[in-house]
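Multiple structures follow.
Common to both upcoming complexes is chain A, partnered first by chain B, then by chain C.
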Partner chain A sequence: MSPKKLSLKEKYSLLTRDLEWEYSYRDYKEIFPQEEFEGIKITDWSKWEDPFRLTMDAYWKYQAEKEKKLYAIFDAFAQNNGQLNVADARYVNAVKLFLTGVSPLEYQAYSGFAQVGRQFGGVGARVACQMQSLDELRHVQTQIHAMSHYNKFFDGLSEFNHMHDRVWYLSVPKSFFDDARSAGPFEYMVAIGFSFEYVLTNLLFVPFMSGAAYNGDMATVTFGFSAQSDEARHMTLGLEIIKFLLEQHPDNVPIVQRWINKWFWRGTRVLTLVAMMMDYMLPNRVMSWKEAFEVYFEEAGGALFKDLARYGIEMPVYAETAIAEKEHLSHQAWSIFYNYTHAAAFHTWMPNEREMDWLSEKYPNTFDRYYRARFEHWREMERAGERFYNPTLPMLCQTCQIPMGFTEMDNPTLIAYRQSVFQGERYNFCSDGCKDIFDHEPQKYVQSWLPVHQIFQGNCGGAEMEDVLAGYYRMNLGTDNLDFHGSPDEQRWNHWHNLQTAAEQMKKAS
Partner chain B sequence: MTIEIKTSTLEPVRNTYEHIKRRFGDKPASRYQEASYDVAPTHNFHYRPYWEPDRELNDPRRTAIVMQDWYAHRDPRQYYYGAYVQARAKLQEITEANYAFFDKRGLGERMDEAVRARVIRCLVPLRHAELGANMNNVFSSAYGVATVITQAFLYNGMDRLGIAQYLSRIGLLLDGNSGASLASAKEYWMTDPVWQGMRRYIENVLVLKDWFEVFIAQDVVLDTLVYDLMYRQFDEVLTELDGGDIAMLTEFMKEWHKDTSRWVDAVMKTCIAESDHNRETIGSWVQDWREKAVTDLSPLAEIAVGEGALNESVDILNKRLAKVGLNS
Partner chain C sequence: MSKVYLALQDNEESHYIVEAVEEDNPAVTVIYQPAMIRMENEGQMVVRRETVEEKMGRDWEVQSIHVNLITLGGNVEEDDDALTLSWND
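Take a look at the complex of A and B:
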């Protein structure tokens, strides 16, 4: 008997797909109770094409090798005080934004993929989702470990998870993922597996990871490289789910299209945080948000949607708006955060002259015309000892939860307001996209835990801002918040590098 | 001897994250601690899930077990992702060598026909049960509470998929890579009266809604019985029949079960010690599922090992339960 060689595909099929059986003691619907309520029609799970064929033994082996290398770098980073090599201490605020805003989403992805990894009736889809769940757990944990060393030397990181559940701007990414996870399993996959991991992922991870590379952050960049092969698997899974759903039944097409519209818009709103990070928070700029958007969405996304046209899928409805916004998004977002830094757990600052010039060059249509004068004015105020903070609480969009600071694209001096009335209540939105999302599922979005509302209702520790910030948010006031200039972060950094702040120099001179 | 390398020493501002400090004190923390404690979201969920509108997204009410603080748990193996994959990679390396040895020496071809048939009938169909165990553990990972618990469920779930794959490879080693043994094993799983009880048990667990009951039914009751029955008692039977080579291929399962049992026992102990309510709830689940398991597993136990085999396994289960504070 000479053993015949099974092909990789046959073998994987025997080792995974063939494990499934037809239930007879219990009803299929009892075992997979979530498969029908979204209106998606699955006629044959066996048509699922495995996006990658990785048996567990191979998974353990490869991932263990990657972990070994990764943790060796983390150890070396800590031992050699790698934090001293970042471009300047302002950079660490991008790390803070990442750990408080993005890492908890990796955790949500772990949970979400475990949910669908149990709920799908097809074993091929289940197993692929389970592996992604495990990868996402890896991501949150390695990020916590990568940033653990920064936490020892910089402020604003130490309560990352407590803050993620409570702080006003962190409700933007949190509500995004809550939205996906509270949807059904198929919408979750279109939202996260496809729209996020496939269409938008390069606009999140490339900016952060190349930002890290350009700014001397070895810990984060090593993590980024190490996660790349995981992400490649996640992208193939995201594409497979779309193709599978569209091929299963024509009735799925309009449902999937609506989800793509919704999640593209939801996603671009979350990416606002990335846009301002790229244009304002990186001392060494990689590329502008506008350029990134052009490369990673307009070009790559354009090609993708051309490819999906044969299924009857079109470009997301609000793609045009998002393209117009690329000229404004980061400047408007940074303005909002500059205004409210007293209530944020990271520092902001006004760009210096060289940085303003870079922005003028990268945004020839908008920066000088709409933003530069305002920023120079704020910089003047700071120099005069009157750094501007906005003492009011902003109104938030009911859907994306970003403060209502975005403008009309045809009139960038006019704040955009949209409204809907539902059961006698009026709700506010930052955009047509957010209003449409609400109008389609109002019962869902009236539930939004809007941080500013909650503060006014007294659910966040008290009536005084200090109760909210120091008490409920657990912010160290005067340390985690306010302008970078004058912060303990800055002082420590200068001390390590034997630099003097302008203020100290003045004192000595006099 | 450790060599101390001098690097410029900078004084850190803090030793670890604040939530870790609140739990373990103001000192440098382990990687397990930072990766596992207070990581799951707990507050201010925005929307009720469409699939369970009367619950929050992460909701401790998805089980009848009540813990004042679910992070009272601790995995004695201290597995976070990195530690977990390292441990499994080591185990799989040994396993790989065993499988290669078995293959190279042609031990499958040399095996006695009756022994081969017995393995295909009694052991290989377990690959399907392992897939059920995979789903059950992933369920508890998805709907359970606190990372310190849920991460271990995911590791366990993936382990079960790995074991299902090893069992399938045993089949392939015995049928000359044709897949014929897997087809027969599946036929047994679907129609052989010996296997129907086991399949019924698994399908009954797959419909449970309480993730901790799933854990009791699957990881505590069924696994204790099956792993003793198949990887100890059945193993001995094979050795007597001169089929001891198979033991080389089930080494992973034995080692794995030892490893995971440390965690399973720790979870049980912590929950039972918490309150009478927990002890009673767990006790009644155990009783219920043990009774079902005795009925459902006895045909297999008799064919695979012989009369009295299941009683031995039940004794082992009861001793294990007593050790964690549950006297029958």
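Take a look at the complex of A and C:
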């Protein structure tokens, strides 16, 4: 007689819940020392639900299948010189931004989930965190593998890891994760598991990957969607932790609400990079940032918060501001990067006429009114041989670390500027959201490693810009940085495709 | 009532899953985007093993949907026979 096949539920309880044991000779608080200090009250870990009921054996089986599929595509991409089939060489700058800004966060997530998983008294939560931790390690590895192919043909990719820990704009995503990982285990779960994975990662991965598909980058599409297939499980874990905390004790509700407010705002600031990627860096555009925000935050997030209303949870406090910002965010961010491209490891450029028209069409309330004239002016300056680079160093927001270039939403010509005084020192913020976060935990954020402050304090290689950029950041100046037009990337691309640059055409004609 | 959604990679296997979802959820909206297929439905959506097996003509485990899954929205309930998404509002 063959043994009866176990149902998913039976298998799940045997292979996760049954792994727990009684702690007989050590005190529970000694084993899980971080479970109480954040003020969260857990009365019964056995109430934890894992809707996917994935056990380790099934996990390995499906993950192996995903990897096999993925690497078959990487091989095909490399063998067919897939880099030649992207829409145009400008596209690769989106890949550079992803590898330097996002992939190292996958590593941080791996390490973060391993760390907090250890701190939970409930075995269900521990197993879920362990799987997510392994997923995140897979994500960083597959992303590096996929993009190593581009590194053979394009500039700006080779020092991604070194740069992530040092370069001014990369401190935005880096400090976001450092902030989460230096919080307690429950805050980390609400920050990364819920606010980031559930509410916001769709906005990072789905438009980015559809964009890659639309621009002929099959390697990125595949690693992206392969990573996303784990993300659905991560999102479910994020939602589960929230429901679990809210059901355990009413005292948890205000704590969780404050974390949601904070991490929603921190997350939307990080996604500024995605906003400008979608509206400015993809030669073939899929949808605007504004449209993506409407589908993945306003619609999907709206449904989620309606569902959570029964626990007394409300929309994040600055959701309204974020919604107003969808009209401006990408244009303001691209302006900042255009200003400081000499200090960045990727190229920027002004949109061409057709692209400006697309922006006018997608942003009828704002683009022509506030941004088009400025961009046309910069384009004229470039044509006259005076491409504008801003020689100063920007002031950074103490919380999100983005240069203080965002405006008030009721007056998009006025830079938003907030400040707080703490122990006799003044701190600056880009928004009410960032100021509130600081004011709640000033002792934490006064320690922020702000790249511009660090340069002025002499901690970044020297007093000259070249010491910082070439020495400390390891940028290849004149190669990795500056405008796309005139870059070695552009020259190689034109050479591969027998194209001429505008400058070459002029030379031949004269 | 809010919409639940499920997005799959656009490939052979997913096409059968989409067919099954359309059969079991007649009101579902299916949207084809670059490299992905997004299905939306008011309130609830179910992916039933039996229907998928019928479309594929072979055995299919509900959990193997993870291989082609991109994202989803809604509360998840999964057992041997079905994956269900729902909002309770």
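We take it that the second predicted complex is superposed on the first by the 502 of 510 C-alpha atoms of A that agree within 3 Å, B and C clash if a C-alpha of one lies under 4 Å from a C-alpha of the other, contacts with A are read in each partner's own complex, and residues count from 1 in each chain.
The criterion applied here is as follows: a contact is a pair of C-beta atoms (placed from the backbone, for glycine too) under 8 Å apart; a residue touches a chain by one contact, two chains touch by 3 or more.
It should be emphasised that the depicted structure is a prediction, and the values quoted were computed from it without experimental measurement.
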Overlaying the two complexes on chain A, which is it for chain B and chain C: clash or fit?
fit
Between chain B and chain C, whom does A:114 touch in the aligned arrangement: first, second, both, or neither?
first
Taking the superposition as given, does A:306 touch the first partner, chain B, the second, chain C, both, or neither?
second
Please indicate which partner A:323 is in contact with in the superposed arrangement: first for chain B, second for chain C, both, or neither.
neither
Based on the superposed arrangement, let me know which partner A:87 touches: chain B (first), chain C (second), both, or neither?
neither
Partner chain(s) touched by A:228 [first = chain B, second = chain C, both, neither]:
second
Which angle, to the nearest 10 degrees, do you get at the Cα centre of chain A between the Cα centres of chain B and chain C?
80
More residues of chain A are touched by which partner: chain B or chain C?
B
Just chain B (first), just chain C (second), both, or neither: which does A:452 touch?
neither
Determine, under the contact definition given at the top, whether A:404 touches first (chain B), second (chain C), both, or neither.
neither
Per the contact definition in the header, classify A:236: touching chain B only (first), chain C only (second), both, or neither.
second
Rounded to whole Å, the nearest C-alpha atoms of chain B and chain C in the superposition sit apart by 15
Which residues of chain A are in contact with chain B in one complex and with chain C in the other?
65
Quick check on the complex: what are the chain C residues that touch chain A?
2-5, 7, 9, 33-36, 62-64, 66-80, 87-89
Please give the residue numbers of chain B that touch chain A in the complex, ascending.
5, 7-8, 10, 12-19, 31, 34-35, 38-51, 57-58, 80-82, 85-86, 88-89, 92-93, 95-96, 109, 127-128, 130-131, 134-135, 138-139, 141-143, 147, 150-151, 154-155, 157-159, 161-162, 164-166, 168-169, 172, 176-179, 182, 186, 189-190, 199-200, 203-204, 206-207
Could you list, by residue number, the parts of chain A that touch chain B in their complex?
1-6, 10, 14-16, 18-26, 30-31, 33-34, 37-38, 55-57, 59-61, 63-65, 67-68, 70-71, 79-81, 84, 104, 107-108, 110-111, 114-115, 117-118, 123, 126-127, 130-131, 133-134, 137-138, 140-142, 144-145, 148, 151-155, 157-162, 164-166, 171, 174-175, 178-179, 181-185, 444-445, 447-449, 454, 474, 492, 496
Touching residues on chain A, where the partner in the complex is chain C
7-9, 51-54, 58, 62, 65-66, 69, 202, 205-206, 209-210, 213-214, 221, 225, 228-233, 235-236, 239, 286, 299-300, 302-304, 306-307, 309-310
